[in-house]
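Which chain is which? They are A, B, C and D, in the order written, and residues in each are numbered from 1.
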Amino acid sequence: MPADTTNVTVTLSCPDRPGIVHAVSGALAAADGNIVESAQYGSEVTGRFFMRVDAQVGAGLAALQDELAPVAERYGMDLRVFPTGAPTRTLIMVSKEAHCLNDLLFRQRAGLLPIQIPVIVSNHTDLAPLAGFYGVDFVHVPVTANAKDAAEDRLRALIVEHEVDLVVLARYMQILSDRLCTELAGRAINIHHSFLPSFRGARPYAQAHQRGVKLIGATAHYVTADLDEGPIIEQDVVRVEHNHSAAHLAAMGRDVETRTLRQAVAWHAEHRVLLDGHRTIVFR
Amino acid sequence: MPADTTNVTVTLSCPDRPGIVHAVSGALAAADGNIVESAQYGSEVTGRFFMRVDAQVGAGLAALQDELAPVAERYGMDLRVFPTGAPTRTLIMVSKEAHCLNDLLFRQRAGLLPIQIPVIVSNHTDLAPLAGFYGVDFVHVPVTANAKDAAEDRLRALIVEHEVDLVVLARYMQILSDRLCTELAGRAINIHHSFLPSFRGARPYAQAHQRGVKLIGATAHYVTADLDEGPIIEQDVVRVEHNHSAAHLAAMGRDVETRTLRQAVAWHAEHRVLLDGHRTIVFR
Amino acid sequence: MPADTTNVTVTLSCPDRPGIVHAVSGALAAADGNIVESAQYGSEVTGRFFMRVDAQVGAGLAALQDELAPVAERYGMDLRVFPTGAPTRTLIMVSKEAHCLNDLLFRQRAGLLPIQIPVIVSNHTDLAPLAGFYGVDFVHVPVTANAKDAAEDRLRALIVEHEVDLVVLARYMQILSDRLCTELAGRAINIHHSFLPSFRGARPYAQAHQRGVKLIGATAHYVTADLDEGPIIEQDVVRVEHNHSAAHLAAMGRDVETRTLRQAVAWHAEHRVLLDGHRTIVFR
Amino acid sequence: MPADTTNVTVTLSCPDRPGIVHAVSGALAAADGNIVESAQYGSEVTGRFFMRVDAQVGAGLAALQDELAPVAERYGMDLRVFPTGAPTRTLIMVSKEAHCLNDLLFRQRAGLLPIQIPVIVSNHTDLAPLAGFYGVDFVHVPVTANAKDAAEDRLRALIVEHEVDLVVLARYMQILSDRLCTELAGRAINIHHSFLPSFRGARPYAQAHQRGVKLIGATAHYVTADLDEGPIIEQDVVRVEHNHSAAHLAAMGRDVETRTLRQAVAWHAEHRVLLDGHRTIVFR
């Protein structure tokens, strides 16, 4: 390989029309690029076209960007080019529950998640020691009814300061303002429990137990102003039995939350998730 | 084994108090019984106790019933004794979709489901040939707005005539009256699709597709007057991808309906399902 | 869309080098083609490149083939072009067990599998009525130690006569000759049970029961001269419990065989499976 | 409840014959016991009978033991009585890989596993900081070809010193001697990867990748002198795709190892696993 060969990941979406793949692959060829893995999809729901490419580029990332710029212009593309495997700078928000945070920190450290975690933000201090063990800055930002705006401004400042690309709400038990949700559109992931059927109100595991559900699940989704209704990235379930108590169900729910959130973060950080209106395209 | 040895399955439930297992196992011992497999559970939700026993009984089924009668009386038990493996007489109701019926007929024939199917009832005639291939009576009972009562009376007559123990709604697209649901409490099983989140109204697969869900599921439950809200026997899900169309989702939904209903019918017919108020105890 | 617009599926593989996607998408553009869904993959194991495209082609299938021919020539491609959804002509071979055959026939009839089944071949006659119900020719080809060659010649003749694209061994209990396996390379699919750990010799379910395995599985693979060792298309497992007898395990094994084979046949018939030496690329 | 009421878990196995449940439930009744949950199973493989009971005992644990002692004697029972939920004292052995240890420590701390971990033993020092974060003693016991016996003697001493009930080999990469395996029969759990088909020799994930398997799994089992062949407690699998590299497969393998081992340890610590010769009975 030439000295400047770089592995790059390209993602794009644009209104669907003929010639997109030909134009993009032409730009790749012009930059001495070889496709390692790629997928495309034309959405019948929104009429948009989606593409993700992993390629080895002999002329380097900057040259590829130069080749792609006029293509993006011509087709009205939302185009992004990343060095493959470059870690996504991720701010994690937590409250008191440790299960998701512990899993994300462990995997990041073990090299199993292509993220960096420059800072953890919490409205409580319970999880500071865990952050400390992994050597990650932990910032306590209390949220009070009167000072919610100030807390969100503090968060905005941390996002800027740490050049954050992704915010993960890892069982963060405060609701973000509509304005902040809109600002973070497509770059904030939340996890919540899910049930068949669904249960409104407090103590959902107690309700699920009394209803005798046989499956409990979790949904990881992008944050939007519609609470728990953003585009779904990943869902999973676990089977429960009649002899599991409500507390046991809640414990199993934490397990399925943990692995569902982890998977969503991994796919996002590998640039495998593209937004198709209210749905996601996941090029697994 | 003595000449009269019989394999029996005993199920019971009653208000929980000490001594139940001792009393039941005493009756079994008195009837020369040996326990093959058994499970018990005390429900914290309702305060009831549940028990299921598979046993070999040297003195025969009738002798065992004699021994158990005073025990049932003393503890206020809902007690049932079955010859193990004796087929449950099952009436299947269908409309036009064949997937569940085909699966149940095939498994019954192959000896994989301990049921007999004396008769199939439908408000359409589409599935008569399939019934005919398996040599099962097919009765066409049309349902019109004006003649719904008459249709249900016809069904009641068939249940009596064929000594039916279990009614399976295998994608039967008519709603049963509250009165009939109550009559069939605990001996009619329905199957319906389930989603995370749930979708109201028509065309749920189209809604699920537009919402971009990653799992679609099915729920098998006992029929109650509350539509689709009866005690859940079994649930299952299947994973879907962004490139699956709404039609594809519907096809996958039929698969998960098929295997969820089959499992619920099997457990019911093996007397593994007991009602604990609004939930089920499933001694798998 | 122009009058001649056709939906086509293109699959190809060739030695990996830069420019393949650009060349193929150029041919598609020249034939007025629009990509609906596509995936590419460069194998690090064999150094080959794989591509599958679903496209709408304004100029028609023949025009597309004309555009693609010089591309295929230049890159040494194994290239195939199909009308999307055109059914794969499938010969099914069975012995006495009905579960896989019943499932394939039902799905084909219900429009859930893009195959045609012109003929079923068996070394027994047990399954003739099932074939008859679905109106499919059933040919009894007995296999005796002395007349194995004659039986395989009969099979070859049926493959030619019925213009068969795919042979499915749906629990066919005879071993094909090495020569026939070689002739059918990449177009014959077999299903067999799989265990963790694996068991050699007769009565594998009895061995699995005695060993107390917690999972039993099935593997669908292309047929090769190495018995049960061909490229794997799909695998699945089912969870078993200590109270399941060996017979119960065998019944559950049939279920997992059924759904594993069905999935492999569906992916093959949708041209989603490409051979990468001894492995398969499955563009799901 | 009387002041002395205790929740107890009773497990037992003995040669199968009539009257066992009656005798045990009689002893429970005599000690003012109420059964919360119980299961029994007669093994057709070995002719032994197995029972597990969770009960509330008004007369206390010691009184129950007095009542059960003559029953155990009469039936030749292997009988054990535990205070329900009392933590199992668990020694964990590791080498360099952290995934299983991290999971077990986190769950123990979160109250999700009924174990205590008085000490961690390793032939390396890499995982000492993780043990330190959780405040668990970490003992470095190097293993050399010449000093294997000494290392095992050190382990024996630690087992005695810390009153260890269970040894968990959480990716401990040394083989225990036959003698030690025999000493630890039924109280040492190991985890290893599993494949369909299985692969012998070094670098199994590379082999699995080249073979193109679609599932990789893990098996948790009791340690016996037969390497990786002890009674299976739990198995699980994860689905892999053609675009996963061998390294990716290994990472996914670690995930499935983690959750399979965790489940096996939980069931063991809840006294749900009984040995039936070479198989396990798991009263889930």
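Everything that follows uses one rule, which is that a residue touches a chain if its C-beta (ideal position, glycine included) is under 8 Å from a C-beta of that chain, and two chains touch if they have at least 3 such contacts.
By chain, UniProt protein names: A, B, C, D = Formyltetrahydrofolate deformylase.
If you're wondering where the values come from, they're calculated on a predicted model, not measured in any experiment.
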So which of C-D, A-B or A-D matches B-C, with over half of the contact pairs the same residue numbers?
A-D
Between A-C and A-D, the pair joined by more C-beta contacts
A-C
Between chain A and chain B, tell me the centre distance in angstrom, where each centre is the average of that chain's C-alpha atoms.
41
Taking each chain's centre as its mean C-alpha position, how far apart are chain A and chain C in Å?
36
Give me the residue numbers in chain D that touch at least two other chains, ranges are fine.
37, 41, 241, 243, 284
Taking the touch rule as given, give the residues of chain D at its contact with chain B in the complex, in rising order.
16-22, 25-26, 28-29, 32-42, 49
Quick one: which bits of chain A touch chain D in the complex? Just the residue numbers, please.
37, 98-99, 102, 106, 110, 112, 129, 133, 241, 243, 251, 254-255, 259, 284
In the complex of these two chains, what residues of chain A are touching chain B?
41, 44-45, 194-198, 209-215, 217, 219, 229, 231-237, 241-243, 245, 276, 278-282, 284
